[in-house]
Amino acid sequence: MSVSVDVAVLWPALVPIAGLVLVLVADLVVPRLRRVPYAIAGVASIATVVATIPGLGLGGGSARSTFCISAAAGASGASGAAGAVAADLPQTCLWQADALTSTLQLAAALAAAVCIALAWPGASRRRPADATSEPVEAVLLLAALTGTVVVAASRDVGTWLVALELATLPVIALVALSGRRSAVAGATQLLVTSLVSFALLVLGVALWFAATGSPFLTPDAALSSGRAQGVGWFSYAPLGPGETATTMSGAAGATVVAWPSVSAGVLSLGVVLLLAGVGFKLSLVPFHAWTPTAYSGASTPIAAFLATVSKVAALAALLVVLRAVAALGTPALITIGVLAALSMTLGNLMALRQDDVVRLLAWSTVAQAGWVVMPLVSVSALGIGASATYLLAYVIGTLVAFAVVAVTLRERPDGRDLTAYDGLWHRKPWRAGALVLALTSLAGLPPGIIGLVGKVVALRPVIAEGWVWLAVVAAVNAVIGVAVYLRWLRGVITAPEPTSADEALPVTATTAATLATEQRRVALAGLVVAAAVLVVVSVQPDLLLRLLG
Amino acid sequence: MSWIVRMIVVLPALAALAGLLARRQRLLAAGIAIGMSAYVAVLAFIQWVAPARTADIESIGRLSTGALQVPLHLLSDRLSGLVALAVAVVVLAIQVFTAWYLRDDPRYGQFAATVSLFATGMLLLVQASDLVLILVGWEIMGWCSWLLIGHDSQRPEARRAAYKAFIVTRVADIGMVVGLVALAVRAGSTDLITVLTASGHDTALTVGLVGVIIGVAGKSGLIPFHDWLPDAMEGPTPASALIHAATMVAAGSYVIARLFSLYASHDGARTLLAVLASATMVYAALLAFAQTDLKRMLAYSTLSQIAIMLAALAAAPPDIGFAPAIGHLVAHAFFKALLFLGAGWLSVLAGATALAALRGRLHGTGALRWSIGLGLAALAGVPPLIGFFTKDSVIETSIEGATGGGGARAWLVVVALFVTVVLTATYCARAWLLLDTPLAAAEPQSGGSPNAATGSDVPEAVVVAEEDLAVVTAADSADDAEVERVHAHGHAPITLSAALAVATLAALTVFGTLLLFSLTGALKPGIVSALLSLLLVVGAAYAVWTLSDRGRHDVADRVPSHVRDRAVRGFGADTAYVGVGRAVTAVARLVVALDRDVVDAYPRATVVAARGLGRVGERSHRGVPSLSLLALLAGVVVIAVLGVTAWR
Amino acid sequence: MIHLQLPAALAALLAGIGVYGVLARRNAVLVLIGVELILNAANLLLVTAGSRTGAPFAAGPVLTLFVITIAAAEICVALAVVLVLFRTTGAIDLTAVPDLTDEPEPEPDPQPDPEPEPDLRGEVRS
Amino acid sequence: MTTRDIVFAAVGAITALSALLSVTTKHVVHSALWLLVSLGSLAGCYLVLGQELVGLVQLLVYVGAIVVLVLFALMLTRAPIGPHAEIDTPAWQRVVGALLGAATTVLLAALLLPLFSGVTVELDGGAPGGTPAIAQAVFGTWVWPFELLSVLLLVALIGAFAVSRLVLRSEDETVTARGEVRR
Amino acid sequence: MALTLMLLLPLLGAVALIAIPGDESRVERGIALGTTVLTALLAVVVVTGRHEIDAPWIRSLGIRWHFGVDGISAALVILTALLTVAVVVHTLAGRFPAGGSGSTFLGCILLVETGALATFLARDAILFFIAFEVVLVPMWVLIRSFGDDHVPDERRSDAAGRFVLFTVLGSTLMLVGILFLVHHQGTSDLTELARLHGDGISRSLETAIAGMLLLGLGIKVPLWPVHTWLPPAHTVAPTAGSVLLAAVLLKMGTYGIVRLVVATVPNGLAALSPVLAILGVVGILWGGLACLVERDLKRLIAYSSVAHMGFVVLALASGSDTGLQAALLGNIAHGVVAALLFFVVGDLKEQWGSADLSTVRAGLRDTSPRLGVVLLVGLAAALGLPGLVSFWGEFLALYAAWSPAPDRPVALLRVCVVLGAVGLALAAAYSLRVARLVWSGEASGAAAEVPASSTAAGEAGRASTTGAPTVGAPAEGVAAEGVASAGGAVVDARGARWAVVLTLAVAVVVLGVLPQLLLGVSGPDAVRLITGAGVLP
C-alpha cells in the first residue's frame, strides 16, 4: 500500500486504545479487582499526555503526520488528466498533528486523567449488584478519549466522522450508566440530540464531498470548490482548441462546474451543517437543550468529562473544518456570531437561576461555549488560535470547579447544593482557594488571570473583524457571567452561620470516615493536579498561549 | 521690604495655627493672638509708611498650569498699605477686646485663632496681586465668618445664622468665581497687573465685571443678598465688629477698587453697581431706623455704609478713582469697630442688646458714653470726625462724576447719598437719644422683660426643615445671645487693655483723617456739599429730637406698628431666602427620587428582565427530548439559510 | 449514463422527510426512523457525488460504508438506552416531561429554595 | 433521459413514497415496515448508480440488521399493534416539522440541483469505482478510520450491553405515568 | 527592580496573609504593616528615581511586563501607597470588621493596593486592563464579607454585586475599546499609542473608540448616570474599603481617561467632549443636590464624590493642558479629602452603629474635638475652600472649561462653567449641612418632620425633637439629655487613628497651600501628553 504508517507519531491515539484493550483483558483475568480498570485507564491517559508532548514544540507550519498518501496513490485513483493534476497535490495525510492539535490532545488527555481520578471507585460500592460497571466505564472513558485525540488530528472526513462518533457514543452510555432516573432522562435527551446531530453531520460531510470532490478537510479541498481553476476535482482543465465544455463531462477527468458560486453555496451549507452537528457537542444554543439534563443526571466525574473532554473533541473537530475553510479567506461567519451571542446570553441567564452547582456549571458550559466559538467569526489563524486558547482556559477552570464539587460530594451528600459551599473558605481554605481561582477564571476576573487573558484573546478576532455588536453582547455577558460565578463565590467566602456549620460538621466527619481514604486521596490528587495547572497558567499565561503557537 | 508684605500675610496664619494648638492654655492663646496682631500692626504701619510699590512679590511660586499664568504675586502700594494698616489696627483692637469679652468662654482659644485666620484672609486679599489669591482670601473670610457667627453653636439661631451667612455669600460667589475666571481667561493670566492691562474680549470683560459685582453684592450685603448680615449678629460682638468693620463686608469695595480701571471703562457694570448700591444704602438706612436691637441697627447701618463706598466706586470719575471709597472704607472701619466694641461693652454692662433694655443705660458710663457718642457722630457724619470727611468726599466725588459725564448713574448715586445722609443722621440721633436719655425720663415700657417679649415670637419663626438652605431667624434673637452670655458669665468690669482698645479706636475716629492723607484723593471735601450735608444732618437730628420729645419716646414708635414689625424682620427677605431654599430642596428631593426611580431603574430593570428571562428559560428547559429536537432542527434550518445567504 | 440531478433531488427529498419524521413522532423508536432517513439521504448524496468520475480513493462508496457501520453502532446504543428508558418510566414518549427527581437521597431536602440571586436588588428605601 | 434515469426515477419514487409513509403512518409496526421498503429500494437506487457493493451492504446491514433491531425494540417496548393516534407529536409540532422538512428539501434541492445540473456519469462501461477499487481503498487509504471503526463497534457493543443490563436503584419505586410532572 | 519589588511585595504579602489560617495574630499585623510601609518606601524610591521595567510577559499577545512612572502617575502612586499604609494602620488600631478573619481583610487590602499600583504604573494598554480588574474581587470581598454588619445581608450582597457588575461592564467595554485601538494602531504600548496620538485612525473610528473607552471608564469614575453603584457600595463598605474605593479606585477611572483617551484618541475625545462636559456638570449638580437631602452620611459623601469627579471630567472635557492639570490635581485632591472624610465618618459609624443623619446626636465639637476638627477640615476641603487642596482643581477646571482647546464647543462649556460654579455653592450647602448636624450637633429638623421614620432616635430622639426648636435653658437641657442618650458618647480619635486622620488633614492643608508640589510634578508630562509628544522622557 502506498500509505505510510508512522507508529511513533500515532502514539497519542494508540495508547488509549491499548489501555482500552488492557482493561478488557484485565477484566477477563481478574474481574474482582475493582480498581484495576481505573488504574489502567488512569495510567493510559497519563501516558497519552506524555505521548502528546513531542508534538507541542512544533513551530510554524510543521506537523507530525502519518497515514500520508503519496501522490502516486492519489493518482492511481484517478486517471488521465486528473493524474497529471494530482501529481501537483501536496501530500495529504489522515493524521496530522501540529502544535495546536497536540495541545488540544494534551488537554483532553489531562482532563480525562483528572476525571478518572475523580471517578475513582471507593470501598463502599454504589451499585453492589452491578459488578461490571468499573471496567465498562474505564473502557468507555478511554474510547471517548481516543475519539477526541484522533478527531483533533484527523484531516479527512472518514476519520473525522468515525472519531467524532467514537468520542460521542461512549459518553451517552456513560451518562446512562450513572444509574439514576435523571441519568436516563439525560441520556435519552443526549441520545436523540446526538443522533439527529450526527445525521446532520453526515449530511454536511456529504455536501462537503459534493462541493469539493475531496474527502479531505484540507485548505486545498476547500479552495477547489470556489476557484475556477484549481487542483481539486471539479476544476476546469485548460480548454484545448476545438474542445467545448460539454464534451468535457464524463470520463474526461476534469468536469465542469456550472457556476463556481453554486459549489461555494453547497460548501457553505456543508460547513454550516458541520457546525450545527458539532454545535450540539459544544452545547451551543439552540443545540444545547440536553446539557443541563445530562450533566445533572450523570455522576459528577462524568459531567466533568462531558464538560471538558467532550468540548475539546467538539472544538477540535470544528477547528479541523474551519482551518480548511480558512484558506478561502472567507470573511466572518455570521452564523457563528449568532450562535455565540445566543449561547452566551441564554447560558448566563439560566445559570443565574440555578441552585444546583452541577446544573449551574452545565449552563455555564453553554455560556462558555459561546465564548469559545465567538473568535471563530473570524475564520482565520487568529480566530482559530483564540478559540483554542479560550477553550483551554475554560477547560482548566471548569475542571477545577468540577473537581471541587466531586471532592465535596464525597464528604457530604448535599454537595450539589449551592448552600453546601457556604463558609467553605473557613472550613477548607485550600479547596476554597482552588474554587475561587476556578470561578474567577471562568468569570474572567483576576486572580483567575487566565480567564481574563482568555477573554482578551477571544475578543481580539471579533474586534479585528469589526463586529461591534458581538463585542458589546460579549461585554454584557461578561457582566452576567460575573454575576453567575459570584453568586457561588458569595457563599464560599461568607463566614458560616454558627448553627448550620456546627450541625453539618459531624455529618461530614462521619461520612468522610466511612469513605475510603484512598478514594478521597486520589480524587484530591486529581483536584491538586488541575488546580496546579490553573495556578501555573494564571501566573504565566504565556505558557498556555505559546503552546498554541 | 517684600518680606514685610509676606509676613503681614503669613503671621496671622501662623498665629491661627499656634492659637489652635495652644487653645487649652488661655493665657498663651491670648498672648499669641494679641502679640501676633500687634506685630502685624507694626509691620502694616511700616508698610504704610514706606510701601514697596511693587506688584511682583513672590509668594509660593508660580504654578504649572499649562497655558494659564498663575504667578501668585503679592503687591504693596499706598492703597494696600492704608487698608492693611486699618485692618491690622482694627484686628488688634478686637483681639485685645476679645480677651476680655470672652473671658469665660471655654472656646476662647478657637475664637481667637479663627479671628487670626480671618485676618489672614483679609490681609491676603489686601496684599494680593493675583486674582486667585484674592479669591483665596475672599473665601477664607467666608469660612471664618461661618465659624465666628456660629461660635455659640449651642444656640440653633447661631447655627442658622452662620449657615445662612455662608450659603448666601457662597451663592453670590458663583458670580465671583465665574467673574474672576472670565477675567483670567481674558488676560491668560491671573496676575492683577496683566488682568488690568489686558485688552479685548468684551464679553469676557462684561461677564467678569458683572460676576465680580455679584460676588461683592453677596459679601458686602447688597440687595438682594443683604439679609445675612443682620442675622450675623448672632455671633459674639467682637466677631460682628470684625466682620462689619474692616474686613469681610468691606473686602468687596477693596476688590472693586483694585479692579477700578476696568470698571471705569465699563459703564454697564458700573450702572449695575450704582443701582444696587443706591437701593441698598437707602433701604438699609430705613431699616436701621426701625430696628429694636442695637446690634441689628448697627448691622443695617453697615449695609448702608458699605453701599456708600460701592456707590462712590460706581459714580467716581476715572480721574479721581477709588480713593474716596477707600477713604470711607477706612473711616468706616474705625468708627464701626468702635461702635461694635462699645456695644459689646455696653451689653456686658446692661446684659442685653435690645434697645428697649438699653434705654438710658449709657448715661453716666464715662468713656463708654464718649466712645459710642463719637462713633454715632462719625457715622452720622458730624464734623470734624473722620466720617464727615470721607462721606463728604464721596458725595463730592459723586457730584463730580455726575457733572463730569457720569450721567444718570451718578445722579442716582448723588440723590441716594443725600437721602442716606438724612436717614443716617436720623437713626443715629434716635439711637443716641434712646441710649443716653435716662430711663427715669422715658415712658414706661409696655413689653416687660426682653426675655418674655422675645421668647414669645421665636417658635413660629424658627420652624424650618433640616434641609432648608436659608433659615428664619428671629429678629431679636441676637439679643438672646447677650442675655445668655451675661446670664452665664455675669457682669465683669472691663479690663484696662480692652478699654484702651476702645479708646484707641475712638481716637482714630477723631484723628484718623490724618491717615488718609497718605492716599491721594481720599480726602476731597467740597464746600457746598459739605455744608449741605451738614445742614441735612443737623436738620434730621433736630427733627428726631423734637419728634421723640427730647428722647423720652422712641421716635421709631411713630412708624405704624405693622410696618415696623415687618421692617424689623427685614420685610420678609428671610422668607424669600427660605423660599429659595425650599425650592432647591424640592429640586434635590426630585433628584433623589429620579436617582432612585429613573437612573437606578435601569440596572434594576435589567435584573428583573434577566430574572424573568431566566424564568421563561427555566420553563422551557424541563428536559423534554422532543422539544430539544425541535430547537435543534429549527436552529439548523435557520442558521443554514443564514449561513448560505451570508456566505461571502 | 445517468443524470446526477435525480439522485440529488431524491437525497434532498429524503432529508426533508427525515426531518419531518424526527419531529412528528413521539415514540423514541420511530424518531430513530427519521434519523435513519436523514442518514440515508446523506449516504445517497455521498454515493452520487462519489460516482462522478475522478473521485479519489473511492471516497464516495467507502464513506457510505463507514456511515452505515456507524449507524449500526449508534442504533445499538440507542436501543439500549431506549430500553432502559422504557424500563424506568414505562414509556418511550419523547414529548413527556421527564421525571428528574432521583431516588430518595439520604436526606430528602424539603427545604424551599433560597431566594435566588438577590444581587442588584433595589435599594431598601429608608 | 436515459434508461438508467427512468429506472432510477421509478425506484426513487418508491423510496420517497415509502419513506413518507413510514413517517406518517399511524401504525407503529407499519412504520418500521415502510422503512424497510424505503431502505430496500434505496439499495436499488445504489445499484442503478452503479454502486453494487454499497447497495448490497445497505440491504445487509440496514434492511437485515437495523430494521430488525428496530422492530425488536418496538416489540420490547410493547408498541401497540394496529393504528394508534398517540404516536405522533402534537399537531403544531408536526406542522413545524413539516415546514422545517420542506425547508430542508428546498434548501438542499436549491443548492444541489444546480451543482449537478447537466452532470452525467457513464456507468455502462464499467464504473471506475468498482468493488475491487473500494476494497483497495478501504484497506489502503482508509485503513486508519476503518480500524477506528472497529474500536467504535466494540465500544458500542460494550456500552449497549452495559446499559441494557443497567439495574436502576429506583426500580422498585412506583413507575410514573407518562407525561406526569413530578415537581 | 525596585518597581517589580514594589508590585510583588503587596501581592506576596496578600497571598501570605490569605494563606495564613490564624486570626489576628501578631505575625499578620507585622506582615501587613511591614509590607505596606516597605511598599510605600519603594514607591517613593520608584517615583523619585522614575523607574521603569520592560520585560516580555505574554509574548503571543504582544503584552509586555511594562511598568513605569511618569509625572501623570507619580502622585497617584504615592497616594495609593501612602493611603494603604494609612488604611492598614487605621485598621490595626481598631477592631477588625466582623465577617471573616482579619488576615483575609488585610490580604484584600493589599490586593487592592497591588491592583491599583499596577494600574497606575502599567505602560501597556492590555496590562492596564488586567491590572484594572485585579482590584475587583478583593474589593468585592471587602464589601460583601466585611461590610456593615448592621444592614441586612441582602443589602451587602446588593452593594457588592452592584460594584462588581457595574465595574465589570465598564471594564469589558473598555477592553473592547482598547482592543479596537490596539488593533488599528498595531501596538498596545501606551507610550507608543500616546506618541501616535490618534494618527492613522479615521475620525469616526476614533470617536467610536473614545466612546467605548469613556463609557467603560465613566462607570468607574463614576460619571452620571452610571453612578448608582457608588452610594450603596460606600454605605456598606467597611472604613478601609470606603477609603480605598473613594481615594484609589475612582482615580483609576479618571486616570484611565487621561491615559487611554486623552493621550491616544484626542480627536475622538474632542468629538465627545460636549457629552462629557454635560455629563460632568450634571454629575456636579446631581451629586450636590442629592447631598442636600441625603440622610446617610456615607451615602452623602459618595454623592459628593460624584460631584467632585464631575469637576475632573469637566476639566478633561476642556482638552487644554490647564484642564489636564486641573483634572490630575482634582484627582489627587479628591483622593486625599475623600479618604479623610471616610476615615472620620467610618470612625463615627463604628461608634454610632449607623451613619444616619436624622438621628439626633451630640455635636462632635463638644464630645470629640479631634474628630470634629479633622471632619471640619475635610468638609471645608469638600466645599472647595480656597487654600485647601480641592480648590485648585476646581478653580482650574472652571478656568479650563471657560477657555478650552480650539476644537471644543466654547458656548456649551461656558454654560457648564456657570453650572459648575452653582455646584460649588451646592457643595457649600451640603458640607455645612453636615457640619451643622454632626460637628455642631444640631437636633435634626427632619426628625421632627418624619418622626415615625427615625427609629434609632426612639424616645430620646422624640423628646429632643420637640425640645429642639424652643429656645431657652430648660429646653436646651431636655435636648442635651436626649442627645446624650440617643447618640451616645463618641470616643475621640486616639493614638494611631488620630495620627492617620491628622496626617491627612495636614496633607489637605499643605497641598492646598502649596499646590505646586503636585502641579510641578505633572506639569511637563501633561503638556507632552496633550500635544502628543510622548510621555516618557
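Should a chain be cited, it is by its letter among A, B, C, D and E, assigned in written order, with residues numbered from 1 in that chain.
Following the convention adopted for this analysis, a residue touches a chain if its C-beta (ideal position, glycine included) is under 8 Å from a C-beta of that chain, and two chains touch if they have at least 3 such contacts.
Remember, it's a predicted structure, so these values are computed and weren't measured experimentally.
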{"item": "Shortest chain-hopping distance from chain D out to chain E", "value": "2"}
{"item": "Lowest number of touching-chain links that must be crossed from chain A to chain B", "value": "1"}
{"item": "Touching chain C and also chain E, the following chains", "value": "A, B"}
{"item": "Chain ID, smallest distance between chain and overall C-alpha centroids", "value": "E"}
{"item": "Reference chain D; chain at largest CA-centroid distance", "value": "B"}
{"item": "Distance-maximising chain from chain A - centres being C-alpha averages", "value": "B"}
{"item": "Chain pair, most C-beta pairs within the contact cut-off", "value": "C-D"}
{"item": "Distance between the centres, which are taken as Cα means, of chain D and chain A, whole angstrom", "value": "28"}
{"item": "Averaged-CA centre spacing for the pair chain D and chain C, given as whole angstrom", "value": "12"}
{"item": "Separation of mean Cα positions, chain C and chain B [Å, integer]", "value": "87"}
{"item": "Cα-centroid distance, chain B relative to chain E, in whole angstrom", "value": "34"}
{"item": "Multi-partner residues of chain C (at least 2 other chains)", "value": "8, 11, 15, 18-19, 22-23, 26, 28, 31-32, 43, 45, 48, 50, 52-53, 55, 57-60, 62, 66, 70, 73-74, 77, 80-82, 84, 88-89, 94-103, 116-117, 119-121, 123"}
{"item": "Set of chain E residues in contact with two or more other chains", "value": "157, 161-162, 165"}
{"item": "Where chain A touches two or more other chains, by residue", "value": "69, 73, 77, 79, 158, 161-162, 165, 169, 172-173, 176, 180-181, 184-185, 187-189, 192, 196, 200, 207, 210, 250-251, 255, 265, 269, 293, 352-353, 483, 486"}
{"item": "Complex interface listing, chain B residues touching chain E", "value": "20, 60-68, 132, 135-140, 143, 146, 150, 153-157, 159, 163, 166-167, 170-171, 173-175, 177-178, 181-182, 184-185, 188, 455, 458-459, 462-469, 477, 480, 584-585, 587-589, 591-592, 595, 599-600, 603"}
{"item": "Interface residues, chain D side, partner chain B - complex", "value": "89, 93, 96-97, 100, 103-104, 107, 111, 181"}
{"item": "In the complex, chain B residues that touch chain C", "value": "596, 600, 603-604, 606-607, 611, 622-627, 629-630, 633"}
{"item": "Of chain E, residues touching chain A in the complex", "value": "18-19, 21, 56-61, 98-101, 104, 115, 126, 129-130, 133-134, 136-137, 140-141, 144-145, 157, 160-161, 164-165, 168-169, 172-173, 175-176, 179-180, 183, 208"}
{"item": "Sites on chain B touched by chain A in the complex", "value": "610-611, 613-615, 617-618, 621, 623, 625, 627-629, 631-636, 639-640, 642-644, 646-648"}
